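Please find the structures below.
Both complexes shown next keep chain A, but they swap its partner, so chain B is in the first and chain C is in the second.
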Partner chain A sequence: MIINVAKTICADQWRYWLRTKVAATVLMLGAILTLAALVVNAFHIEEAAHAREHLQTEAEARFKAQPDKHPHRMVHYGHYVFRAPTPLSVIEPGVDTYTGKAIFLEGHRQNSAMFAQQRQSAGLTRFSSLTPSFLALVLAPLFIILIGYGSVSREREAGTLTLLLSQGTSRWQLILGKLLALISASSLFLLPLLLACLYVAFSSESPLVVLLFCLSYAVYFLLWATVVTACSALFEKSSVSFIVFIVIWMAVCVLLPRLGSSVATNAAPSIGKLEADFKVEEKLRSLGDGHDVNDPAFKKLKEDLLAKYNVDSVDDLPVNFRGVVAQYSEGRQAKVLNEFAEKRMGEELEQAYIARQFGWLSPTVAVRAISTILAGTSLETHHRFLKEAEALRLEFVQGLNKVHVEKLDYTLDMNRNASEEAADKAVVGADNWALLSEFSFKPEAENTRISNALIYFLQQFFWVCISALLLKAAVRRLNP
Partner chain B sequence: MTANSVISANALSVHIDQRTILDNLNFEVGKGEVFALLGGNGAGKSTTLKTFLGLMKPSTGSASVMGLSVAEHTNEVQKSVAYLPESVTLYGHLSGLENIRYFLSVAGIEKSDDEVFAALRKVALQKASWNNALSNYSKGMRQKTAIALALLRNAPVLFLDEPTSGLDPAAIDEFNALVSELAANGATIFMVTHDVYGACQVAHRIVLLSNGKVTGSFERVGDTPIDTEAVHAAFAGRKA
Partner chain C sequence: MMRFTDLKREAGFVFGHRQIKLTLLVVFLLSTVSLWSGYAEMQEQQATIERLLEKDQIEREAVITHQSNYGMVAYYAFHLTYAPPSPLAFAAVGERDVFPWKHRIRMLALEGQIYESDTDNPELAFLGRFDFAFVTSVLLPLFIILLLYDLKAKEREARRFELLNVTARNAHAIWSARALVTLVPLALVTLIPFVFFGLVNGASLPSILTVCAIVIGNIALWSGIVLSIGAAKRFANFSATHLASIMLGVWIVTTVVVPVTAHTLINAVVETPEGGDIVLTQREAVNSAWDKPVEATWRAFIATHPQWADYTTFNPGRDSSFNWKWYYAFQQVGDQAASELSQGYQAATLQKDTIASYVALLSPSLLSQRLLSSAANTDVKAMVGYENDVRAFHQALRKFYYYHLFKAPEFSQENFEALPQFTPNTKTSHENRTGKEE
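On to the complex of A and B.
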């Protein structure tokens, strides 16, 4: 009986929305906007996935197709690695938009990721692209407010609440009916996301991850529908509830996420990129110049090597001393670069952790954290990309240095600048470039992503409890 | 409470924020009786009505309908009564017919189309307007729609809030005739009003309410309506 009456009330609410042009327009606009954003983003991501796969293959082929060369020239020739978008980035591009998707790998340096769309756009970066996740997390609640703010208070203002309750309709039936209506209206915004998720679930993504991803958005919409229905019942007038909702929306969807970032930046400050680059450069200089075998920094290396092979001169070594210096120098530089990188990543993670604690104050922050972590577009995943790219960089640079050590004669190497002919002799075969490994970046395994998101699911559960309490209070206090 | 009593107030008091809205009300309304609670603005008429409808709880005493305490059996009482609000508040976005079907549905009452049409014809609502949006109805037409709804609920008890307020004389006569017919068929009618003339025309008994207290009572003798002048004098005197 409770459900039947609630269904009748829900059906009438829909009839009201459809007959009131404003509500119908808001519903249609929201659904069309979500669908459009999804389609546009899906095409964009699909195109980007193919483009990056193609570019990755092409970069590898171009590297391997280089002619016979001096191995150190190949170290500086470098190589590109690209991060292919994850299937769920169709909905949640996450930090990808801000961090860049490609890195140029070369000797002696750790370059930043490039091609970040948002870096090229001016100000208000969060509002400059209507991604499906942005629409779902920020704009959809506004649509839910617009159509639902008067769902119960309208009955009170019109006087129909008295009549309804006097007919034997219980407060629970009424609120449940209004809630069902708003949930079903919210699902118009959610439906395109669910369809996209269904498509993704049949691609290369883990079905469990996709399911949890959908669930987090569904619960988020449910939260908003519950809060809007409850507050609509709690406030006497629609105009008051509308103002309160707009304030809540501003705080939850716009101000608190922004405040979280600001607090995180102040609580865990990190030095700017330019300052960090100077410090790295200063530290690297103290390690010596790997191109100069006579740099005092390599005196001990030279002595140890001469002693090891029991010879008096580097000319008599069975290995190319220039290559040994390059190899040694690169190893030390990589250590320093990784120390700085680890420190920077630690600071960024701490900032992200602090900002995500605002999920206890704003469900939008909680769902955003879940969404990016599950989609594999979180900061953690970006750091993994940087680390894997660095591992590949060091592997191929040191691989080339090894070729330099073992396959290039030291005397020819030292005389390479004497003449063009000498330069032509100081090379190794192109077959050595095959040492470059293929790069294919994959996000974390499903278990890792799910366990990383658990704390934020807990935040969402906290909000479910709050909204349930709010609903209970609304039912208790609902009076004509 | 007597055996014939359908509605009764026993030492009924309602206090809101330390203000006394109803003060020790005691009355009974029998089956088939038209009972009018007459009072000025702020007398406590609407609070009395809300208490009998289960929308407010008594602070002390009790309000009973058909032998059931309203506070304890709210849902059962609500299902056995029909309520006609002062300004008939049906849904403007629905037609008269849709309004009736909707309210019957939320009350869990199933009625055939023929029964609904018969009720609308009984209250003399023009057929041409049945499918028009209620926002285009006059107050009288809305009133008729609400009465049709009350009829369809087959409720043995009807609560009417200022039922003739805003109606033209012809509509008032039609309404009074309908109320008398319902009472003759055994329905118990409880109305709150400040319309002395209307109450005298239709009520079997009038109770005056002022500042939450019963201040007078008039009863019809035979078929002769209650003396309007006497009620008016008492009503005006009390107000003064």
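On to the complex of A and C.
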């Protein structure tokens, strides 16, 4: 019974929307924008995925195709890794456009990611971007407000509310009907998103992640529809509820996310990479230059090695002492570099956590966090990319150093600068370059991503409770 | 004609409304908070630069005293380059959080160094910047809509509209006066904090006035849009909220739809070289030089540096098979190999920016944001300008070291007194202003 009456009220509301031009225009505009965003983004991501896969294969092929060389030259030749987009970035590109997508890996250095897309956008996408997530999180609520702000108060102003209530419609039925109408209208925006998600779920993403992703967007829409319906019933006049909604929207969707970002920048300033580099250098200077075997810092290493093989000079060692030094200092340097890199990532995460705490003040911030974390386009996943790239760097550099230690004669090595012929002798075979392993970046496992997002689900749940309370209050206080 | 008494009466009326007072207070707070946060950040950037400069100096001097030939110094000595925030950068952070504003470079191939970026936390950049430019370009129009959308409709609904029109000496003046007494305080609460911070930060008076003019222009433009929609005959029967929906629609289309559509189209139209190709090309050129005959490098090097043609031979007895002249020559050749791609990349960035400046004519918010960035020297042009400063400085470094490597004077610490120093471009925003008022 309650459902049937609610259905009638819902249908009535739909008739009203289709009759008035504003609502119809808003619905059309919203649906077109979401579709356009999906199509454009899907093409873009598809293209980027292919391009990066191609570049990655090419980079690996080039490395392996290098001729016979001195192994240390390969350390400086280096390697590139590219980050392929995750399936859900079709909907939520997240920080991907702000971080570089390629890193150059070489010996003795940790480079940052290069070529962030945002640099090529001429400032056009600073406030808004044609991404489904922006449309769903920022614009869709405004559209829901525009079509729903008067759903109950209109009845009151037209005097039909008294009529409805006196004819035996209960307050719950009325509000539920209005809510149903608004939910079905907002699902026009949501539908393209859900279809895209369904497509993604069948490709390579974990279905559970996609499901939760969809769910958080659906609940977000539900939240707005509930709040709009409730407030529309709570306020006497639609003009008042309209103003209140616009102010809420500005605060929640536009202001608070940015305020969070500014507060985080100022509350937990992090030193930049250049400044960290100086500190790394300071610390490294005490450790010695890996190019120079005579550096006093390597004296102990030399003595230990001589003692181990029981010989009197490095020339008699069965291994290449230059290689040993290179291997040893690279390892020690990597430790220092990683110590500072970890610290920097920690600082960035701390800033991100501060900004994300604004999710308790704005559901948009909460869903944004969930959406980027689940889509694998969050800061955490970017850090994972940096760490994996570093692991690969250390692996191939130390691999090459091992070749240097074991396969290159020390005497030939020391004489390499004597003449061009001597330089030609101080090389190892190209077959050694096969030690480079393949790089294919995958975001964190589903469990990790879900548990990372847990606290933001909690934030969203908090907002569900608030809106439920609001709805209850609206029903209780609904009077003609 | 509007008369003073009209203004006074309307002012009394407008300020009798709690809603209007509240709105003005909120705008004042937003403006102040955005300015404070931008100010704090620019102070931090300035402090960072000073700290870096000090360390940079120490580090380089250590290298110079530690090494004993020019080639080694050139290899190990880094040079800090930076673009200091202009006195107005706190109001419009602009492209400063996307483009790098500090680099440490050395004599190696520049193309491998210049795309390194030391930008801030990507998540914070992604959430967006809450600066004064954002408040005035994106939020202020919404406040103008909120303040003015029911200018007439409110009176109509209160059934005072006809009465007011009949009793006023000049029906037109009454509405103009009411709009004016709303807008002037709005402009004041936005701009007073800005002028305060501008003066504290030592911005020049003309540049402060420029920003004020841009903001007032933006307010005037949006008031014009809002008032003309409100006055349009077509919408005469519409309710106030109905009108506000239309105004919001205009805001969405100009602030959101126009920029993102333009962005998509521009990216499709303007051909941009892949950034990855630049660095790959450079790396291949530099690294393959080791395996090529030395003459191949010299040919390409001499083509651009004929003055060193007679100095390419080196003494194997002293230098053995490795020689710094040759090493830096192939670094130069590496840059030359990638220069076409690299120029194409920069040209594409600038071309996109130029097209965007035309698109801005369709979007008041974008226009005001671009004008503010340009006034604050934080636009794409300024950031590309910094990149070119770095290129010029690297060129100067090369000139210095090529002389010392090829002419090979005796190594001495004193010679490094002539080492080029990076001097940042400290043009004030006013001199460098390219934009004009709307």
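The rule is short, and it goes like this: the second predicted complex is superposed on the first by the 469 of 480 C-alpha atoms of A that agree within 3 Å, B and C clash if a C-alpha of one lies under 4 Å from a C-alpha of the other, contacts with A are read in each partner's own complex, and residues count from 1 in each chain.
We take it that contacts are C-beta pairs under 8 Å (C-beta built on N, C-alpha and C of every residue); 3 or more make two chains touch, one makes a residue touch a chain.
Every value quoted in this text rests on a predicted model; they were computed, and no experiment measured them.
A.B. asks: First (chain B), second (chain C), both or neither: which does A:L379 touch?
C.D. replies: second
A.B. asks: Quick one: is A:G168 in contact with chain B, with chain C, with both, or with neither? Answer first, second, both or neither.
C.D. replies: So A:G168 only meets chain B here.
A.B. asks: Once the structures are superposed on A, label A:N479 by its partner contacts, choosing first (chain B), second (chain C), both or neither.
C.D. replies: In the superposed model, A:N479 contacts chain B only, not chain C.
A.B. asks: On chain A, which partner's contacts cover more residues, chain B's or chain C's?
C.D. replies: Partner touching more chain A residues in the overlay: C.
A.B. asks: If you stack the two complexes on chain A, which partner ends up touching A:S261: first (chain B), second (chain C), both, or neither?
C.D. replies: second
A.B. asks: Does the superposition put A:E275 against chain B (first), chain C (second), both, or neither?
C.D. replies: second
A.B. asks: Please work out whether A:V5 is in contact with chain B alone, chain C alone, both, or neither, and reply first, second, both or neither.
C.D. replies: first
A.B. asks: For A:R15, using the defined touch cut-off, is the partner it touches chain B, chain C, both, or neither? Pick first, second, both or neither.
C.D. replies: first
A.B. asks: Taking the touch rule as given, give the residues of chain C at its contact with chain A in the complex, in rising order.
C.D. replies: 19, 30, 33-34, 37, 40-41, 44, 48, 51-52, 55-56, 59, 80, 94-95, 98-99, 102-104, 112, 115-130, 134, 138-139, 142, 145-146, 150, 157, 239-242, 244-246, 248-249, 252, 255-257, 259-264, 266-267, 272, 274-276, 279-280, 283-284, 287, 290-291, 316, 320-322, 348-349, 352-353, 355-356, 359, 365-366, 369-370, 373, 379-380
A.B. asks: So in the complex, which bits of chain B are touching chain A?
C.D. replies: Going through chain B, the ones touching chain A are 50, 53-55, 75, 78-79, 81, 83, 85, 87, 89-94, 102-103, 105-108, 159.
A.B. asks: Note which residues of chain A are touching chain B in the complex, please.
C.D. replies: The touching residues are 1, 4-5, 8-9, 12, 15-16, 19-20, 158-160, 162-170, 173, 479-480.
A.B. asks: Inside the complex, what are the residues of chain A that reach chain C?
C.D. replies: By the definition above, chain A touches chain C via 22, 25-26, 29, 33, 40, 51, 55, 59, 62, 67, 69, 73, 76-78, 80, 82, 94-95, 97-100, 102, 104, 111-116, 118-130, 139, 142, 146, 149-150, 238-239, 242-243, 246-247, 250, 254-255, 257-266, 269-275, 277-278, 281, 348, 351-352, 355, 365, 368, 372, 378-379, 382, 416-420, 422-423.
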